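Below are two complexes that have subunit A in common, paired first with subunit B and then with subunit C.
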Partner chain A sequence: MRNIWVVAKNTFKLEVREKILYAIIVFAVLYMLSSLFLADLVLKELPMVKSFALAGTYFFNAILALFLGTTSFFKDVDRKVVYFVLSKPVTRAQFLLGKFLGLCLVLLATTAIFMVAYLGVIGYEGGGFDVMGIVAIALQYVEMVLFIAFATFVSTFSTSLLSIVYTSAVFFAGHIVSALVADAQAIHITGLKYRLVQALYYIFPNLEKFDIRDFAVHAIALPASTFVLAVAYAAVYATLLLVAGIWIFNHKEI
Partner chain B sequence: MVSRFGSGMKALIVILFIAAIAATQYDYDLVKPSGPPSLASYTSPEFVRLVDMGFHSTVASALWAGTMPEILDLFVGKTEYVSDVAYVSSVDPKLGYPYAFSVIAIPAIPAGRFAGQDASDTIALAIGRKGLENVQNDWRIPYYMAIDYYLDAKDERSALTYFDVAARTPGIPDYAERFALNFGVGANQRATTEELWLTIASSTNDEATRERAQAYVTRLQIFDYLEAAARIYKQARGTYPTSTDELVAARVIPEVPPDPFGYTFVFRSGGHADIDVTKPSTLAQPLLQSIVAPK
Partner chain C sequence: MVEFSHVTKTYKKRKSAVNDFSLKVDVPIFGFLGQNGAGKTTIMKMTVGLLAPTSGSILVDGIPSTDTVSKKKMGFMPETPYFHERMTGMEFLTFADELFEKTSDKKAHYEKLLTSVGLRDARNFEIRTYSKGMRQRLAFAQALVNDPQYVFLDEPLDGLDPLGRREMKEVMLGLKKEGKKIFLNTHILYDVEEMCDEVGIIHAGNLLYAGTVKGFAHGTSLEEAFTNMLMEHEGKKAANHHGREHAVSHA
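The block that comes next holds the complex of A and B.
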């Protein structure tokens, strides 16, 4: 456990030195502040301001997760850090889990910054302390953790460029797969085609589970079980991805 | 000689290209649509919902920001606004503002502008009804519908019903709640309003609506009762009471009847009874009680 924590801390330190990280954070905060001007465009309608600001927190965190998840592992390979670390009494599993945990910590820090900016914008627009907004951002973070887990898994057998392609594709598929099933039911698709859509639905991570932005925007109460089940789903899925990643990494020649 | 000919040819080719660009632009201007195309001409709202990665409210808000100014086109007979509001609402049915804005703004457009369609107030009310189906926490939709019914459709009964819906919607500000709850309670309107509530109570199949209609009637009777007591008070004391407690202290009435909706009765100038909606209701359920005539 200590080894995992040491790798995580080093990963965190390494990633927060990246200038591009700050560029994205600054751009994200500027976007959030620009929501104040967007608010004027939509006559200060709070649900619309919330939707723009929540979209900003999600969009920029997704960019960060994609950037971090698909480059961090390969940077360690390029800089020979992975050889140095694995020559110490650190197992490959500990290294991989440490990388994952470190990246999650970086995203936790950026999420906290975005959340403060979000609450500032909504508070300024008269929305008070938006608890539902915090819950929505928290679930967005859980989604990003799953995203990082997938990127970490893909990094164990792929190249950096292909990792970006695979992770982006799964990200997109994860958001539309539940709508695809609903549409297939609506237009009465049956038989093999429907089974195929269903198979995709169960295999791909269903990222719509983490999307409660509309609940937060329209101030609709959310059952606690929705939140708990989404977190449990992410935990199980991320564990599976990491176990598979460790297995592949253990059998890989580096 | 050849060189001069070559330079001339190059210049001619450049001029021809510039002329071709200008001609293309001229042709484009001739065939381009005169106004912005409706949103539905791009793609279906179902497809937008499929690919917007869960950002239904963000996409709908952005589309609404572009749709809102189209309401001005209604004055010149272009009705893309109406279809675009339906489009925005299909992308995010819970977005309340497009419904509320349409309900209050469309009736301002002369009905004759909607050639071959329903009158503008009917279009507005149809949008409002759809809004009420989808959005339960935006008081503006029933409130503006009530105004439409009262001012444009001259339908006081429906106006009363929708003001009642607005008054019960969470988040309604005090000033709007006060107006909604007091709609039709002026001394000169009270008899008509009471009659309307009685017809609502006798015609509805919904027990909750009947109970609320009866509560409104009770409240109107309490207003009459308190104002009658205030007049008796004035005859004895020379001035109108400033609070209902003064009536009890002067033994004009034995007690102040409780408001069926749990609010406090107050007196405005001239002995007009009113309710104080700045204080929260004390009752979860309406209380119905018979009225004792003032002494």
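The block that comes next holds the complex of A and C.
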């Protein structure tokens, strides 16, 4: 566990020095602040402002997760930096988990910044302390952790560019699979076609579980069980991805 | 003592890189000598646990080299080292040491190490500003950060200027005096002649000779003895191949 933490700490330290990270954070904060102008345009309608701001936190965190997840682990292996680490009493599993944890910490920091910006904007517009907004952003973060787990898994056998393609594809698939099943049921698709849609539903992560923007926007309380189930779903899915990633990395010639 | 026993390595996408390699090493400085692609780096990477042998075993003081106990005794400097560019030399050394589960503040130890490899003044600069020679020195320093009993150096003098080479050699000789065991991969004959107590000649994954440098050279220069051995080996291989083809055509 200690080695995982050492690698995670080092990963965090390295990634927060990436200039591109700051560029994305600046854009994200500017986007949030632009919600204030939007508020004037929509006659101070708070739900519109919340929706706009939450879309921003999601979008910019997704970009960060994609960038970090597909480059950090791959770069260390591809550029042989990993030689220094794995020749010491560190297992490949510890290294992979350390990288994953480090990236999750970076994203936790950026999410915290986005959350403060969000709360500031909503508070300024008279929305008070938006607890449901916090819950929505927290679930966005959980989704991003899953996103990083997938990107890390793909990075164990793929190049950085292909990882971006695979991860983006799964990201989009993850957001439409539940709608696909619903549509298939609505138009009464049966037999093999329906089984195929069902298979896709179970293979791809159902990322819609983490999207509670509507609850936040309209200040509707979210049942605790929905939140807990979403977190548990992400934990199980991410664990499976990381176990598979470790297995592949253990068999990889570096 | 490091003991290689019938070690073979076959890469997935290539032919065999190391063939039935057996050797016991217990001298202060042992040099693996061979051409590029001979299998020296593969042997070293297997020893420090970066690669798994296809068959055979590697023991360090009787314990598998990939065991944590063995790894704590080892230091490794890879060929053409790459670093996290945005870290400083001092940060990298600290990170390397933290992986050995030592918690005490060892800043003085790091400073001493960086001074010994001539990097003290650059210790707080980002590694991306380092020259190739400075990177070699930092890679050398991190290999010594855990005060290892066995030090594995893959082409450690590559990219260093004459002064740097001299300094690195002095550090190696200092380690020898401290009773450390050094394994040196190189294709530079002069370095072997100057530094090594024993040498292993590797060619196409096969160990052709292991023993003292003097015993190998037999009064001639090391270069002459080395090239003669390789040519003789290639000649034998060609003759065997030719003999097999001849036998097949007769059959």
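Quick note on the criterion: the second predicted complex is superposed on the first by the 252 of 254 C-alpha atoms of A that agree within 3 Å, B and C clash if a C-alpha of one lies under 4 Å from a C-alpha of the other, contacts with A are read in each partner's own complex, and residues count from 1 in each chain.
Everything that follows uses one rule, which is that a contact is a pair of C-beta atoms (placed from the backbone, for glycine too) under 8 Å apart; a residue touches a chain by one contact, two chains touch by 3 or more.
All values reported here derive from a predicted model rather than from experimental measurement.
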Touched partner set for A:Arg79, first subunit B, second subunit C, both or neither: second
Touching partner for A:Ser51 - first (subunit B), second (subunit C), both, neither: first
First, second, both or neither for A:Val90, with subunit B first and subunit C second: second
Touching partner for A:Glu208 - first (subunit B), second (subunit C), both, neither: first
Partner chain(s) touched by A:Thr226 [first = subunit B, second = subunit C, both, neither]: neither
Subunit B versus subunit C as contact partner of A:Ser34, first or second or both or neither: neither
Intersection of the subunit A residues that touch subunit B with those that touch subunit C: none
Subunit C residues touching subunit A - in the complex, by the definition given at the top: 11-12, 48-51, 68, 71-72, 74, 76, 78, 80-84, 86-87, 91, 95-96, 98-101, 139, 142, 146
Complex contacts: residues of subunit A adjacent to subunit B: 41-43, 45, 47-48, 50-52, 54-55, 58, 172, 175-176, 179-180, 183, 207-208, 211, 213-214, 217-220
Parts of subunit B lying in touch with subunit A, wherever the complex brings them together: 46, 49-51, 53-58, 60-61, 64-65, 92, 94-97, 135, 137
Touching residues (chain side subunit A, partner subunit C) in the complex: 2-3, 6-7, 10, 13-14, 17-18, 79-81, 83-90, 253-254
